[in-house]
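Chain naming follows the written order as A, B, C and D, and within any one chain the residues start at number 1.
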Amino acid sequence: MSKESALIRAAEKETGRIEAFSDGVFAVAITLLAFNLQVPKLGDAATPGQLALALARQWPEYLGFVTSFFTVLIMWVNRHGVFRLVQKTNARLLFVNGYLLMMTAAVPFSTSLVTQYLQSSAAKAACAAYGGVFVLISLGYSALWHVVTRDRTLMKAGVSETTIERISRSWRWGPPVYVAATVGAFVSPYVTIAICTILWVHWSIVAKEF
Amino acid sequence: MSKESALIRAAEKETGRIEAFSDGVFAVAITLLAFNLQVPKLGDAATPGQLALALARQWPEYLGFVTSFFTVLIMWVNRHGVFRLVQKTNARLLFVNGYLLMMTAAVPFSTSLVTQYLQSSAAKAACAAYGGVFVLISLGYSALWHVVTRDRTLMKAGVSETTIERISRSWRWGPPVYVAATVGAFVSPYVTIAICTILWVHWSIVAKEF
Amino acid sequence: MSKESALIRAAEKETGRIEAFSDGVFAVAITLLAFNLQVPKLGDAATPGQLALALARQWPEYLGFVTSFFTVLIMWVNRHGVFRLVQKTNARLLFVNGYLLMMTAAVPFSTSLVTQYLQSSAAKAACAAYGGVFVLISLGYSALWHVVTRDRTLMKAGVSETTIERISRSWRWGPPVYVAATVGAFVSPYVTIAICTILWVHWSIVAKEF
Amino acid sequence: MSKESALIRAAEKETGRIEAFSDGVFAVAITLLAFNLQVPKLGDAATPGQLALALARQWPEYLGFVTSFFTVLIMWVNRHGVFRLVQKTNARLLFVNGYLLMMTAAVPFSTSLVTQYLQSSAAKAACAAYGGVFVLISLGYSALWHVVTRDRTLMKAGVSETTIERISRSWRWGPPVYVAATVGAFVSPYVTIAICTILWVHWSIVAKEF
């Protein structure tokens, strides 16, 4: 093994560790979303019908759980799609990755906001905050992609311009669409949820390859 | 190494990442089941006997914890049994896998429902919801198996028809049995728990190989 | 690569997956122990001195956290010490391993019992339950070791009788000592904590190799 | 493969397992920091403006979350920087590593203290405790480095004195600076937070390589 390929191998091992750690954060954050599912507090005298009704009435919890779960899952798929092309890391990449992990860890919180306020008169503010967190995340992804494409020594050899162009094109839409989801909350909170849902459904379909 | 085997190797590495991420979600979800074990709230003046009695009285918590823990564990074993045969993934497989992870993350919630309502008059609804979540999960497993068997390029070479047939046969029973567990809740909530317990005990025994 | 060594390799890969999943459960459970550390609930008018005093007064929380953290850590080291010798698994091993994971996930609960009741009059029952969970765990480890040593095809080739004898000898003491910790709670709750602390300190010292 | 290199390989595999387990604890602890983000409890009649105001007013939660998240992330990077040089472990290293994991698991607790008391009159005590936890952690890192450098057989061959010297030099500042952050709390709680923030920003910049 030449010295160069040994260095590449060591660098890839490092990248693998960051990946594994990041995957751990994603796995914990995505599972903690389930804390949005709260057991209704009825007395011991509640009938089965009352419990069923109470469960049905907390549909915003299920909606928020499903929307956030798949959005985080798609984020994980995309993040992984970038790291597959990465051969080594630098301080800037580590920092942007840390920022993305932090914002991902905050998604259960913004989801909680929506599930607890969707049926209240403050729903617009809750959904705007929910959208705002995704704006911050999509800007982080743009920054991640910028860091990786700016210094091509970070990339594996043999990544084609076509691949880079394809990713650049598809990620371009993230920030503006999530801004629309945030602003749309002031029209109706359901605009935010509809846009976020359309986004992950769209992503699930276009994800030709993993 | 031929180009083809390099491609297979890269695809298997990808599959390995999904596996690792999915394992993370399973590990977090199964451990969070322990949040069903609640410390009894007695005053500082409680006697040891009162604490012991309070602990004994919350046996539905232990029952729910054990039943769900082993059910999720068996689900993990089965899910892994499928992914061992998988060589690469496509968007459909990713999506079904995401759905399974989401439902798995919801098991601590449905378990909580049972432990909090098993001794109340609403127990039937709680157990029906508990069974219903497992119906949704077993349907997800059927979908997963359908996706994998439909497009044989996803499978590793050399997987025998006998193996496929064996898995198809044993999984066929999942959805109807969990439907029975759900419907049975309206006879008695203990029918649900009995069926779920029998299922994981049965699975533990028949799991000839891992 | 001969067919036999290919089979061994595949089996070891399987064992590796169980290890990784089990490590995930241990990592989550051990970190959740920190939920025993509760922020004191004082009003906004509390002085720094009052907060410091309140923090000092909840020393049972710190004691429980440290004792359980290192006990679980030592359990992880021991469990790993066995799995290093294991080449393949069978249904029995999977089941015993699942039981151990379940009981490990329950340690944050039994620790909570102690930290919340150590300064109450029900402390003896709380500590007996705490010790009891470790009795159940140490019996699980004995069962694990029994399964592995009974069917030597599960073990890697070249594991010496000396190694097996050494582990057998050192594990023999687990169940009786934890039974003593449990029964000792009825003398004084601090007997339980003292024995558990002595055990993990002792283990940390004797752990010659990892 | 010579016998010696086989031994080194086995030892590195062991070290890899400790790394993976430790990464799991770090990933869970860092994600649990998000539990500091609490959904404001307003009634259903709250206006969007009131919710927005309530969210803005809990800025100490965001500050604590960001500061702790990046501090733990930098700790993870540093810890990994040491373990890259490690070839095998001994009981002492295992013990110090366990201590570091335990203290890391406690960071969400000390962060909670700050976010709940920063706007109260007890803020100084909360920030002193927050700084104190980091003092204990930085002492743990010094101990870790001491253990690794004292017994050079633990280190991989070929680690240069320059590398060792560089790490020794940069780590020297940890404990005194965190002591300053702790003592500074009695001047103003914001001194603690400022020092901790400066530290992780500084570290993010100087981390030339990962």
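Simple rule for what comes next: a residue touches a chain if its C-beta (ideal position, glycine included) is under 8 Å from a C-beta of that chain, and two chains touch if they have at least 3 such contacts.
Keep in mind the model is a prediction, meaning the values are calculated, not measured.
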Interface composition of copies chain C and chain D: same or different, split at half: different
Could you report, rounded to a multiple of 5°, the rotation needed to superpose chain A's C-alpha atoms on chain D? 90
What whole-Å value do you get for the distance between chain C and chain D if each is reduced to the mean of its CA atoms? 24
Per the C-alpha means, the centres of chain A and chain C lie apart by a whole-Å value of 34
Would you pick out the residues of chain D that each touch at least 2 other chains? 20, 24, 27-28, 32
Report the residues of chain B in contact with chain C in the complex, numbered from low to high. 19-20, 23-24, 26-28, 30-34, 37, 39, 42-52, 55, 65-66, 69-70, 73, 76-77, 80, 84, 204-205, 207-210
Of all residues in chain C, which touch chain B in the complex? 14, 17-18, 20-21, 24-25, 27-29, 32, 89-91, 94-95, 98, 101-102, 105-106, 108-109, 112-113, 116-117, 119-126, 128-129
